[in-house]
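Heads up, the next two complexes both have chain A, just with different partners, chain B and then chain C.
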Partner chain A sequence: MAVKKDYKDQKLAEKLRDRKYYIPDSNPGFIKEVEKIGQTPAHMCYQCGTCTGSCPSAPRSSYRIRLFMRKAVLGLEEEVLTDPDLWLCTTCYSCTDRCPRDLAPTDTIMAMRNLAFKRDIVPRNFLKTAQLIYQTGHGVPNNDANRAARLKLGLEADPETTHKHPEYLPGIRRILDHYKLKENADRILAEGE
Partner chain B sequence: MSNRHQYAFFLGCIAPNRYPGIEAASIKTSANVGIDLLPLKGASCCPAPGAFGSIDLNVWYAMAARNVVLAEQMKMDIALICNGCYKSIWEVNHKLKHNDELRDGVNEVLKEIDMEFKGTVDVWHLAELYYDPKIVGIEKLADSVTRPLTGTKVAVHYGCHLMKPGKERHFGDTENPMWIEELVAALGAEPVQYRNKMQCCGAGGGVRGYDLAHALDITNEKMINLQEVGADALTEVCPFCQLQYDRGQIEIEEKFGVSWGLPILHYNELLGLAQGMSPDELALDLHAIDVEPFLKKIL
Partner chain C sequence: MAEVKKYEEPRIGVYVCHCGTNIAGSIDVKAVMEYARTLPNVIVADDYQYMCSTPGQNKIAEAIKEQKLTGIVVAACSPRLHEPTFRAATKEGGLNPFRFEMANIREQNSWVHMHQPEEATEKAKDSVRIAVAKASLLEDLIPKSVPVEKTAMVVGGGVGGMQAALDLASAGIKTYLVEKEPTIGGRMSQLDKTFPTLDCSQCILTPKMVDVFRHENIELLTYTEVEEVEGYIGNFDVTLRKKARGVITPEEATARGIIGGGCTGCGDCVEVCPVIKPNPFELGMAPMKAIYVYHPQVSPLIYTVDFDSCVKCGLCVDACGNERKAIDLDAKDELMTVKVGTVILATGYEIFPIEKKFEWGYKNYDNVITSLEFERLICASGPTGGHLIRPSDGETPKKIAFVLCAGSRDNTGVGKPYCSRFCCMYSLKHAHQVIEKIPGAVPYIFYMDIRSFGKMYEEFYYRIQDEGAKFIRGRVASILEDPVTKNLHVNAEDTLLGRPIDMEVDMVVLAAAIQPTAETEKTRRLFGVSCSQDGWLLEAHPKLNPCGTTTAGVYLAGVCQGPKDIPDTVAQAEGAASAASIPIHRGEVELEPYFAVCLEDKCAGCGMCVYQCPYGALSLIEKDGRTVMHVTEAKCKGCGTCGGFCPGGAIWMQHFTTPQIVAQIDAFLLGGEQ
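The block that comes next holds the complex of A and B.
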């Protein structure tokens, strides 16, 4: 008959009976949140490292996608969301293409970035792009030098987008306001000043 | 007129606002092979999948869906010229068509601006329409060439967001695809292979804005690999990759002290040259890296 494996130290036994890696501030619910947003079962990762081996960011930084996958499963929420390396993924999807478990590590990273943003942890450039879209409808808006070049090409100075049709901007702002994106971007940027 | 194909032309940001020659070339070159690109009025940024997807995927879905709905109202499929736009517009369209919960959530928001995503149109990258024999095909493309790019070696950068993740797309092999090389060969140029062809340009995911030196280091690796095979130019199908390779070379020079001088051309600019468009008609003077060495070989 199988004997249940146990330790003499009752406290330790209790900790280790928890099948999740146990540290006081690990959040077992974290991986569930990440999987819900990323739409990929990240806990299926068996840590083969194909992702890090495929990653263009890995050879030139301390960013390790495999490590992020593991930390997510272990619920190391604080550590993951405050790690500056989280923002070094170029979203090239090489890891996702090659993952032998058919997971999407890229989307797992995106999910963790979304969760970081909810706690106001986000690089400034992302917020500035959001502000530009709110103002103009474009992340990279037109400028005078480009308008002159467009005219020379026989194009109109402003393209047939929100640039030529600003009447579409209120609708776009309504969508962004629905998610309080502009409000949050303005606030976080101001707090960082 | 009957065998012409019409699409709502989704412009994105970088092409119309930084490399307008790509926009002009796309309209003219497509018309020459039977594709009419009609303006998609009031379209916005796709929105940038790295910048927006990273901070709030729900905003990304809703904003991209709004662009798709504009085309639904025109009752027309979308054609576009940028991999980043492809990821946003194609992928959101695809996801909303197959995920009712997601679609309902997006439609709740779109209702506030009297719009509804119905899932009635498809989204295409112009390059795949050129390759598709039912629409254009290599033969027709080659027939449209009036100034073959004979004697030039052209390398292809596929970029990431057109074909990857391969499981969710329809382009087949993503490790060593060759279909854009076929599009290049149709213009009379010699496509050249190089090390690590599928590597990212380095700019995506917001990394260009977050850590420029990191992004440029990835770009620089590509430049090294391209020099090894003596490419005369690099062609791509993504204006954001073009920006990273073109302006990036100037930034690489400033930051790393290496000068490559490799001309970068969007496939539609290359096609424009092969169809006899002049450098002025393509606004090639707006490129940060002088295209002249490449032009000398063909003009």
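The block that comes next holds the complex of A and C.
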């Protein structure tokens, strides 16, 4: 357990806080839960860094997928689920393509996002995307600029999606309702206001 | 010869071993022993801490004498481990050693049922009951001896095969060294320097090649492949295909009556040959004529015609002249059969086709090369005279990235799951060579772990780091080429910094994984040797019999058994040579008497078994006016295929007879309630 230090100054207290890894701080069941959801044996990671080396997000952000794999294996549940970096994966699956241990790091990240969502830890933009999908069937709906660009390219203004076939929207909404995604997104966003 | 004894009724002794806590930790040994006392025919039952110890063995020997036992059962470990031990103890007590039966209650019981002591104890009782049932029906068996041919064969003329052949030959054994290429030397002859001593590879190898060529007991058969193998330990008949070489040696010339003729290695033929093709020894980086030697130090120094590309213009024949008459463009493959007592396989390795890992761009980007290509480029006798150049423009590279574990330690199904074992060390050596030869050059080594396990290897790692090589702990994720400069961008993560890297370098060297040679699979099948999942040949025991195989009389040397560096290869070759010489020096081998026996009065001579036998051990003969089956005992492995099949029940499998097996099944199914 981390040793508490009694600094009056909050900044100093944060700077000098105990950062050691203590076994009681970790949840040994965490990796099992992550593997059950992610369906990939994440504990077989040998930390080569091929994932981070392949990651298009890593050079532009503080997102380090290899570190998430490590923390998952060590059971650092709190640290992982509260880390905003967890949401920086674009799910391009480059790491999964190249992982020499044949793991799916992307699926491990998605599993941890699932667990975070269960605790209402999720960035607002993700929730807004969920709302947009509910409303329009698109995470990024068509807009006037796009429509103009499409027409210029000789395409129809709206693509062959719910934009053109809004009759499919009820089906999409039914799925989202089943998983209470819209309901939870609305609730969490309202609580955050 | 020992006589076969029969006994009135079976009297069995049962011994249950504790194996410390290995068995007694989960099995109630006393309960198993008490249970054994209730079984039919059991006269004595006892338990002991370590049955394999001298007091344990003495218990068996003494009980046989005192209680007039006719069969012994030991419930302990696997028969693979201690069957020979307890057979010796049985013999010591005056019984035929084959009147011993083992019940495995360790590997197949206590170790796997560690957490189920009650069930494990019940299973151990079952095992003992079954063993007692068999022991009650065991018979005296007399092993047969077969003479051993005083010659040996080594397949593969790399450094391992050469060392094995030299050792056998120096021990006074006539040895055939078979090599598919036109010269011996193997992979080692392609290397520039060797780690960690930095000896010139050719300088230490060439004297050995000459020794092999000159040794009076070695018959060197280059450009030759194994075609067919028949026989068994002591008596292998190996058919060899001497591929058409198109050039005759001075000895062959003399035999043909061309006195003073034959190839002298002068090279006059090469000058005139109009055909140019890539030299495989230089990995295609240098040209070669259709009549060729790979390099100046080949052994034997005899040219070879590549009949795949030769246009038979005859210019070489004219250049060779009427006195030497060394070239014969009408040469055909020849088959020859030799008889040998033992065989050593030393078939080596080849580089894994690393272009299959497309993210590194090999064969797509000019300046991505393999480590073996690097060896040829840095070698003074190589295609560039030892000047390391970029294939794209001939410039000298200044920043060179080395990619370790390229295709090794890869579980994707594309690469190899194993560690190729010598890439770390040769890449350190490559880094040294770059620093030594190119002023201002920096080698960047992308590694996951540096495995510098051998003698003076860690010290070598220290030295190379001190010389200025840069180490980056991270596996290379991808390589991209700048289409204009042909420079390469190496993408990886420095896992120690936790930061992605995009490093622009002039050249990339992939330390590609290794795999068994293409011919290994065919060769191993000819000799009946097993392989592991990854294709490497399987040793008889990974620790206690690393040179032997499960086929008696066939041994392994070098990388064909698994990745290893030169010191380990040479050491294993010497071990294999020693093992292969034992049967030859003894002059005869004893065969386990587990062979099939034909009960001639029941045999109808249908011959179906002859087709079933996987070892070609059976044949039909005429005897007393009838056709009956005959077993060549030395070839029979006792597999039981024929015995299980025979429609007339005319085949008796010694030590696994039908009554014995039926008794075992009955004992199991009836649960001892008969």
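Going forward, the second predicted complex is superposed on the first by the 135 of 193 C-alpha atoms of A that agree within 3 Å, B and C clash if a C-alpha of one lies under 4 Å from a C-alpha of the other, contacts with A are read in each partner's own complex, and residues count from 1 in each chain.
In the analysis below, contacts are C-beta pairs under 8 Å (C-beta built on N, C-alpha and C of every residue); 3 or more make two chains touch, one makes a residue touch a chain.
What you are looking at is a predicted structure, and each value in this text was computed from that prediction instead of being measured.
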| item | value |
| --- | --- |
| Which superposed partner A:Arg66 touches (first chain B, second chain C, both, neither) | second |
| Which of chain B and chain C A:Ser26 touches, first, second, both or neither | neither |
| Contacts of A:Gln131 with chain B and chain C, given as first, second, both or neither | neither |
| Touched partner set for A:Met110, first chain B, second chain C, both or neither | first |
| First (chain B), second (chain C), both or neither touched by A:Trp87 | first |
| If touched residues of chain A are counted for chain B and for chain C, the larger one | B |
| Partner chain in contact with A:Cys48 - chain B first, chain C second, else both or neither | second |
| First (chain B), second (chain C), both or neither touched by A:Asp102 | both |
| Shared chain A surface residues [contacts with chain B and with chain C] | 94, 102 |
| Residues on chain B engaged by chain A in the complex (per definition of touch) | 11, 13-14, 16-18, 20-21, 23-24, 39-45, 47-59, 62-63, 66, 109-110, 112-113, 115, 160-161, 164-167, 174-175, 198-200, 202-207, 209-211, 214-215, 217-218, 221, 280-281, 283, 286 |
| Residue ranges of chain C in contact with chain A within the complex | 359, 405, 409-413, 415, 448, 473-478, 491-495, 498, 500-502 |
| Residues of chain A that touch chain B when the two form their complex | 37, 56-57, 60-61, 87-94, 96-97, 102, 104, 106, 110-111, 113-114, 117, 122-123, 125-130, 133, 137-143, 146, 149-150, 152-155, 159-165, 167-168, 170-172, 174-176, 178-179, 181 |
| Touching residues (chain side chain A, partner chain C) in the complex | 46-55, 58-59, 64, 66-67, 94, 98-102 |
